[in-house]
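In the two assemblies presented below, chain A is common to both, partnered first by chain B and then by chain C.
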Partner chain A sequence: MLKAGKAVLIFCGLLALASAGCGKSEDAKRPTGANRLVISKSAGPRTFNRLLASDEQTSSLGDCLMGRLIRINRQTQQPEAELATSWQISADGTALTCELRRGVKFSDGTPFTADDVAFTFQVLNDPAIASPASFDFDGQPIKVEQLDSHKIRFVFPAPQAAAERFLDGVAILPKHSLEPVYREGKFAQAWTLATPPEQIVGLGPFKLKEYVAGQRVVLNRNPHYWKKDSSGNQLPYLDELVFNLDPDRSTQLLKFQQGETDLLSPVNADDVAALASLEQQGKIKITDLGPSLIREIFWFNLNDGKQKNGKPLVDPMKLVWFKDLRFRQAVSHAIDRNAIANLVFSGKASPQWSFLSSGDKLWFNAEVKTYPHDLNRAKSLLAESGFRFKSETELVDAKGNPVTFTLMTNAGNAIRQKISAVIQADLAKLGIRVVLTSLESRAMLSTINDSLNYEAALLAIVSGDADPNSHVNVLSSNGLSHWWHPQQSKPATDWEARIDDLMKRQTSTLDSTERKKLFGEVQTIMAEQQPFIFLASRHLIVAAKFDIQNLKPALLPDFMLWNCEELRR
Partner chain B sequence: MLKLIRQRFISLLPLLLAVALGSFLLVRLAPGDFLTEMSLNPQVSAETLARLREQYALDQPWYAQFGKWLAGIVRGDFGYSFAYSCPASGLVYERLLNTALLATTGLVLTLSLALPLGLLAANQRGKAIDRALVFLSALGLSTPSFLLALLAVVFAARSGWFPIGGVRSLDSEQLSATGRLADFAHHLILPATVLAIRQFPGFFRQLRAELLEILTQDYVLAARAKGLPERTIFIKHAFRNAINPLITMLGNSIGSLLSGAFIVEAIMSWPGLGSLTVSSLLSRDLFVLVACLIFAALLLALGNLLADVLLALADPRIRQTKRL
Partner chain C sequence: MNRKLRCGLLLLGLLVACATLADFLSPYDPAEQHREFPFAPLTAIHIGTAESFWRPFVFNGQQYPLRFFVTGAPYRLLGFIPCRTHLFGVQEPARIFLLGSDGLGRDVFSRTLYGARLSLTIAAVALLVSIPLALLIGTLSGFYGGWIDFICMRLMELFLALPALYLIIALRSALPLGLEPEKVFLAMVMVIALFGWANLARIVRGATLGLREREFVQAAIALGASDARIIVRHLLPNLTGLILTQAALAAPSYILAEVSLSYLGLGVPEPLPSWGGMLASVGGVGQLGTYWWNLAPGAAIFMTTLAFYLLAEGLREWSDPARK
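Our next item is the complex of A and B:
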């Protein structure tokens, strides 16, 4: 039996050798004081063409590589000048004229002119490209007029409030390098992840250094970047910006704890405790930015249409309950939002009553109807509507049908699973039996958007921008994300018609106080009608190494890197 | 032997076709498609979605799309990734290499542990070392791989001996060729060990059980009666006969290493085929998913073929009955 024993010995020796060898490369691995920032991302970008994808990862990376005419300052939530030095909206609100910055060069040294802007909009307006960043106004595209080499005018079919904000999502493309590709009809395949880095040309503070598939994206400083700090120093301060791709949240947390990465955003409420000791040692800073723009909601399906097989989408008996305002209000009163904030988010969340999160500070209307946890109020509302208690634990409607519904949520999301359990327990106190079901997320979205045969759903809604225009798809009755009853040909109820009208009016109202009043009323209606039963908005928590300066964490994405040119250490 | 290999390759074609058809059907019939996620974005209009759906041919019935895809395959075109707007095959090749390296190292590690330890345990049957090994293998068998991977990551973080996930260090480019190789090996050890811990018990227990059974056979008794040294009986007679089921296991384990590595890949940030398969499934990136599954099936088939060849090489009886 000697031989086997020997093999074991040899193997152990090999292992020991291997680990000894590792000790050596360990020192080489640590960045040697490079002026670099490393952040973990759960996924990589899909393309380097910012206009071809709308996902979070592609956008945050794209905004570091590409320049925009106007940027939304994430902290003030107001627009600020970037490649446009100034902008003017015509008196009738149908035209936006931008004066372009002079002497700006792309990362390959080519000068930037109005030609590039015009080209970018040509691509954006091209139906064949179908860019998710494209904008149209009732089917009509924006017209672009090139006034001179550094002046450009955007003309809208109708007066457009906050028109300058849409420019935040439009990365200016280099005409000189992309036009030939576009002419050949190969724009969709330009600037993919396989494109050599030097071909990706932009106006952002950084340029692409390398992309290692599935592992990391490394950016280095763009020597031609136009921005200087107040004392005239060339920005960005950082030499390198590294996006590490770590799909697993726990791995991201560990890497941050070990100092391998410099930023962690967002931090899960559960992980704050794990980081507390590092904060006490002064190694990191944790910032709780308060209620984020992510609102957890649930709603009843109010669609009165039919399925393909002729059956109604929602059981007519249940649709009567769901359409009953007092039923929805009673349900809203029955839910203990504080319990959700405490149980699900470890206290790092705020109860939510109305359409906007209070983090949407320019537009939030605090004067709306609220639904504090109040079972008696809920019961009296139900009684007014003809519901009665058959026994202590069973609510029946006026015709004696027991009240029960199925609540659908996306599988694999621990937060939603916990919230749905709280809803189930709270509504059981009203004698309503909630059956929980979870679907894989795409299957659920397809049910909500297309097949429409469900009873109630639990999901979160996220704002794309801190401006009423970004909610049109949700609030307008013909919107795709008007989830309780999407894509209506004409508004099903008076209050939906009123919201449609208000939304249309606010879009063309240039006076911001007046706009705020209009959108304030939309929030009042949403709170009163409870088509979405708002539950809570989780706090946005971010963490950074102590030595990173000029961080301006904000609620709009990218939470930490939006001002990447200013970050320094 | 060549005949066997040829036959196997011919039978591979319908298999791969069936895999492709099956995965196509599953993805297309499952609710939701690649663009469903985009519809969640309030800024994307319904018209844009409709246009993209047309561009991706997702508005066509599945058989039309499948037919087009098949026609492309003949030209070596595996279709485009919706998410990355680049050829699906390119994406898969990148990942395949990582996975193959990880799986092979894991397998080598597994075998170099399981074979000697299996022999040792069978030899020391019932003694302390045998019991300890049987216990450890039961532990390894019953520990889910996500827990093992998490423990490994925590171990790496606490000890600082190993990197926390990834394939290469950030500065690996500045290293010399040997330095880069060492850096890669350094990253490889932990995930490969996790895979090996998961695979080890199967091989170990199989070998041990097989050996113990063989040791009761008449021919072993005969060998002992002949006065052969115990070591020769063990290695030359018992081990040689116990190896067949292990070879079969080896063939199957290549497939399971590929699919089972997904969790390890995700937790340890190892960009392999498993994580690409899952992410393309979740995002309904049709052509990438189909390419992933085809490659996985191909590897499984090749693994089994390899096992059959090895089996034939190891066992003259098989060679004779099949007249290879």
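Our next item is the complex of A and C:
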């Protein structure tokens, strides 16, 4: 017999295992409040080597431990000087020269020089290391020229717009401690989770104090950190940063409510109500940063390829509808985005039609085609394409086939479940029957990335940076995340060819007004063609204890901790 | 009939009636989204309008009297009689949400009733599959013993040992994506039954082993009755009480299996309302306290389980020869 009791137990068991130490661990007994911040994280880092993994946890922790030449100020979305005091881009746009900060020391006291930068790029460009942070231009790596002990030049094979931004993702490694292991070919085994904390050496405001697998990561201040505040005080202000590993969102919320943790980001729109009373008592501050860079999207599979068994990936009859621009536009018009914003996100979201969220303030193009909820417009678009109503509740195509498709989304995600129920109800009014199906997240990702045999999918995309270059993977027709038809050998449609061309041109255009114009056209095409049907961008809401100062929450990750050296209480 | 049996039957009867007449009893279609009313709390019913002091009404800017036998969303009563009459309702723009509404403005009361239909059907169909299977394998194994018993027992142990939840998740991802909700339902029932029979069969085998040694069975064997006759005429009638009790015990676990699956988002897809799916939508601790009325399916699950356990207990006492 299938013991449901057992099933539930297994489930609870997993939670208990995963959140071990979330009961009354020693953390709870230690006084919070002192000069430290306690934060819940949904997972631990994969490695302490920032260059070897690009997941959210590894990078946000890595950015506290490691220094970078240039940092993107999350709030202004503009680059600012860190370990490079100044930088210059050559007139032809192919070289970036950085003047390095003098007198800077690693957390073990060793001075920082251009050698460390050169070593970092040697590792980064090494194909054997295969760093996810590595950067190439049509297969050619960046050349690094060491001009003197504190001056370095990066040379690109072609003019490169916004070249300095990529330095935000490059953590500078200490040559003195990592070069020997690199020479032995054991770089991948250095700085793993099992490495003793004192061996992890960086230029960031904090250094690693303790890592307890599955429980917590503790950082303490780096006494050699270079940055000082305006009155000359050594930063960081905080003595300790404690990351508790609480995979369950409910646990994170409860701990924050109980005052065991100091920050909560992001806060789900549904949970704001649960935090309202604490805010009224003045114990916490909730900040709504407006539309985030996360956009909920759904799209039809436009692949005309075949499966291994020779069957087409998408039923040819349906592929005809999906490829029909007016069909996609009609669907887009039929969806009530305000309902999604109000029902799914409790009003804490903005309807979205364009590729970018309005939170991407430097690049957002507001002048694109919009798709307000308009059933009559949708019906007339469908009629133009030869679709007709067989009955009030059944739409058929020109050949009389009833219009129905399967919308796939990831199981266990309450937000997506709700959005898909709204889409289902809205399209039912157009006579389109939507069958919903949920797949476990990994199975879903392998379907949209590899097996490609699905009809429509609902997911979200998020920008890694507020710069057009960060969208190449989605927009270029040969991109991996060009989900409606990934990895095309040559652009399947004229408009995709046009986007490819615009994306290539903006990459090598140095004039930012011109770039903005080019990328603006990309957004216009995306809005016109609706390969992704954009639905809404949820607001980014963050909450913090009332006494934390200098918080500059921003839309780019890490939302709260990007300026961790300045935080104080 | 003892009191427990009567209580159990009454409660179960009530649930079955609610499930069968769900369309008539519920004021709204379970999938209808009243988008202006997300997470509406329970609608307060006041008594006494201007015209009559006992008339119940709901308040939405003005008084809207509660009406009985109103015309609403079309449905088919008992599955075949086209009908538009609902037991009660109020005139729009007012709404009546006896148990509040969920995040999409759907009526929790209507959805809970329809969910009962799904849950009880799953229990019934899964029992219809697993009991005959259990009876067949259990009696054969217990009656013949030897290598048949050995094979059957190992098979049962295999099914008892499998981690059901993981297997079901794997099965679900192996099924084609575009499966209609009805087929998903059917597949789920089959899976639940597939894992449900083994434990029952074990119990049947144990009882058969005992019965085989009893005098009347030995007498039948001595008189030269065929195996089939012995099993059908002598063993099965003596297993009735046991089987009924075990069925009543198994039913709630089947219902809970569906709830767990739907809670994980791998059960019956929207728009079919299911108790597990409804609970999943308020699974976060933030919503639990704020929108507590969405836990109504939990109360329904409790009631159903209670009904079945009362029934099982009552059946056990009723069939216990020592008490007759």
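Everything that follows uses one rule, which is that the second predicted complex is superposed on the first by the 538 of 569 C-alpha atoms of A that agree within 3 Å, B and C clash if a C-alpha of one lies under 4 Å from a C-alpha of the other, contacts with A are read in each partner's own complex, and residues count from 1 in each chain.
Heads up, the rule we're going with is that a contact is a pair of C-beta atoms (placed from the backbone, for glycine too) under 8 Å apart; a residue touches a chain by one contact, two chains touch by 3 or more.
All of these numbers come straight from a predicted model, not from anything done at the bench.
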item: Contacts of A:147 with chain B and chain C, given as first, second, both or neither; value: neither
item: First (chain B), second (chain C), both or neither touched by A:46; value: first
item: Touched partner set for A:443, first chain B, second chain C, both or neither; value: both
item: A:406 touches, of chain B and chain C: first, second, both or neither?; value: second
item: Touched partner set for A:254, first chain B, second chain C, both or neither; value: both
item: Touching partner for A:398 - first (chain B), second (chain C), both, neither; value: neither
item: Touching partner for A:271 - first (chain B), second (chain C), both, neither; value: second
item: Which superposed partner A:383 touches (first chain B, second chain C, both, neither); value: neither
item: Of chain C and chain B, partner touching more chain A residues; value: B
item: Touching both chain C and chain B, counted on chain A across the two superposed complexes; value: 1-5, 7-8, 11, 250, 254, 440, 443, 447
item: Residues of chain A defined as touching chain C within the complex; value: 1-8, 10-11, 249-250, 253-254, 268, 270-271, 273-275, 336, 339, 342-344, 346, 405-406, 408, 411-414, 417-418, 420-422, 424-425, 435-440, 443, 447, 453-455
item: Complex contacts: residues of chain C adjacent to chain A; value: 31, 33, 35, 38, 103-105, 130, 160, 163-165, 168-169, 172-173, 177-181, 184, 191-192, 195-200, 250, 253-257, 259-260, 264-266, 269-271, 277, 280-281, 283-287, 289-290
item: For the chain B and chain A complex, residues of the former touching the latter; value: 30-33, 36-49, 51-52, 55, 83-86, 90-91, 94-95, 98, 112-113, 115-117, 119-120, 123-124, 150, 153-154, 157, 160-171, 175, 179, 182-183, 185-186, 189, 230-231, 234-235, 266-269, 271-272, 275-276, 279, 282-284
item: Chain B-touching residues of chain A, taken from the complex the two chains share; value: 1-5, 7-8, 11, 18-19, 21-26, 28-29, 31-32, 38, 43, 46-47, 52-55, 127, 130-134, 136, 139, 169, 188-189, 192-194, 212-216, 218, 242, 244-248, 250-251, 254-255, 257-258, 260, 440-447, 449-451, 463-464, 470-474, 479-481, 487
